[in-house]
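Pasting a structure here, questions to come.
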Amino acid sequence: MEEILTRLRQCRPLIHNITNYVTVNDVANIVLACGASPIMADDQEEVEEVTASCNGLNINIGTLNSRTVIAMERAGIKANQLHHPVVFDPVGVGASQFRTRTAFELLKCIDFEVIRGNLSEIKMLALQQGHIRGVDVDDEDIMTEGNLEQWIGFVKNYARKMKTVIAVTGAIDLVSDGQRCYVIYNGTADMAKVTGTGCQLSGLIAAFVAANPGQILKATATAVCAMGLAGEIAKTHMADHEGNATYRNRIIDAISQMDGKTLERGAKYEIR
Amino acid sequence: MEEILTRLRQCRPLIHNITNYVTVNDVANIVLACGASPIMADDQEEVEEVTASCNGLNINIGTLNSRTVIAMERAGIKANQLHHPVVFDPVGVGASQFRTRTAFELLKCIDFEVIRGNLSEIKMLALQQGHIRGVDVDDEDIMTEGNLEQWIGFVKNYARKMKTVIAVTGAIDLVSDGQRCYVIYNGTADMAKVTGTGCQLSGLIAAFVAANPGQILKATATAVCAMGLAGEIAKTHMADHEGNATYRNRIIDAISQMDGKTLERGAKYEIR
Amino acid sequence: MEEILTRLRQCRPLIHNITNYVTVNDVANIVLACGASPIMADDQEEVEEVTASCNGLNINIGTLNSRTVIAMERAGIKANQLHHPVVFDPVGVGASQFRTRTAFELLKCIDFEVIRGNLSEIKMLALQQGHIRGVDVDDEDIMTEGNLEQWIGFVKNYARKMKTVIAVTGAIDLVSDGQRCYVIYNGTADMAKVTGTGCQLSGLIAAFVAANPGQILKATATAVCAMGLAGEIAKTHMADHEGNATYRNRIIDAISQMDGKTLERGAKYEIR
């Protein structure tokens, strides 16, 4: 995975993000931390032009509104025309009909290179059913060694059906293009106590994929390993009195200080 | 107050926040830190559905616009129908006719369980007059031991009139349901140098109250003590070269690391 | 420059910010850190009233939309009528026709006291041409000792033409009113790896200028020195494992802890 990160730092891709206003600052800082450059723009008057000057697009529906839905569609269609990779983060899909309807509309009019979500979100997209409670994963949707085989099959199937890379992140992360599936063991439970680690990862994926065309599966898996490893490294620097706000900063710090060798050594995954 | 925090961490309520884009990330992180789960959603197409799936609602007018006012009203009315607690943070009421008019419209169409503001804001709501300069408390509106008795009477009266819990936070904090008044001495002067400590506290109150139905007064007072105590604990971990940005993180950290015993021992209040 | 900072801390100006949702929280915290008080308000229904109660206005087009453009125009015109200083930060001008058109519209209807941008942005405004890639400075637009003389002339000319103070920030910073030009050597290369250091500086400039009427050039140069020096001080407190997220906090911390003597001693500039 070292060469994936090296290439990202060499080509410093420009990433257009249409994302939510809750975690947007962290997304910008982590995209800068990994070696790419972020631009946020969500008005329909400028998104096509902005995305045309970028190398990749990251669409996140965390705080949707009617104005930004149009911007997402226009930017996505434009990025597709230019063969820029587009990442989709369906935050909280299923939490409202508006989010669910919007997610399916976006899937219909945009070809995504990667879709990343927690298991509840990806189940909602794949099965058009499930139990969604807010933006966090449902308690029933925890991946374990016991049910891993079943979820690998599920993710591979959905990736094949969508002709895209699917990344399901949680206690164990799965990244598949329909043929192979990276099973990734990096990360910590505390990462769920920081708002926006998922949003940040989607920004990273857009950067890693934009810098490594033709290696979408591996670039996505590398971004997922890097984020999880950052969470592990960050944890080693936490004092007892420090909690989730400091942890947030240390995760982004760890991405900015991570070199290819550390990532290569620290990535914990198997391919099935 | 220990049992109030314990119950919050057991039932992990889901809190819907319609809040400003300045401090929204800190609100999300502190709601996670206290043991609850936040969702931010402010489009009128989804707020009723989102709030229906939550346990409490936090409405904050810090960066109002015409689009979000409608969302606030719809969400509040829905939450009332479902008997979910609704917290109101009238940030900067009086700073413009738009904010003042909106605040009174919201008070007319929504029954709030708790209203939290600084003394200038609560005076503006109660007396429909006062001097507002930006979003910070006016210099004239500083609570001291000398004028405390007068303000306790004022807060009790307004709570009785509104049939709600009123929380006025500042150098000394007052929390009253009209009968009793918690006079709370936790906190530090430096907290006013961090943007959004008030917004964060309103998010905490929504979480504490949602997890402790039937104990609104005590749950609100507990949240106020917890926030002030977090500010005190955070201060003990500050190096000389550290200032308000680090302090912001350490306050949220202190909430995430606070246990019931620490809160019970550290809370400094009397009931009048 | 000591007396400029002293006066700011004495008069604690209230600064109205219409800015982007990416870095808005950092802008609020750094404005508080320097001793001023921020208010963010961007709805056309309230901006004139809000700005009238403030001492200065900071307009930033980082995440423009059609709703906020109107608010910017109204607030700027009102601030001009009241002789409040108005600062303009043309983030990403040239990245889209929408941004470029809006920037020129704002320049036509508002008299700005100070315009601050990176060299790519200021070139785009002055020459109506250039190469813009996202919101970061273009690789061609790096100021060095070798081409410094040329850029000083350029900045002086544009300041004279616009009858305003122009601040171009980068590896070397230039601040000119058309007659004199401060050439400022404070700052670190790492500051470019933190999102929003430019936006934060524009907020600081608005505060410094609002507190020091009649000394716009010197107040702007002082703010630029203070920000660069904060970056230098922050760097001395960074551990090896810390990166851009912690650096962000330490820069704001350094502003909040900076006294006049430290600023006076640490400011590195010459006047040409």
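All chains are identified by letter, namely A, B and C, in their written order; residue positions are counted from 1 within each chain.
Note that a residue touches a chain if its C-beta (ideal position, glycine included) is under 8 Å from a C-beta of that chain, and two chains touch if they have at least 3 such contacts.
Bear in mind that the values here come from a model prediction, so they are computed numbers and not experimental data.
In terms of inter-chain touching, the protein chains here all touch one another pairwise.
Interface chain A/chain B: under half of the residue numbers present appear on both copies, so the contact uses mostly different residues. Chain A and chain B have CA centres that are 33 Å apart. Among the residues of chain C, those touching two or more other chains are numbered 21, 25-26, 248-249.
Interface residues of chain B facing chain C in the complex, by the touch rule stated above, are 20-23, 25-26, 62-66, 92, 95-99, 132-136, 193-196, 240-246, 248-249. Those residues of chain A that touch chain C in the shared complex are 14, 21, 24-26, 28-29, 32-33, 37-43, 45-46, 49-50, 53-54, 67, 233, 237, 248-257.
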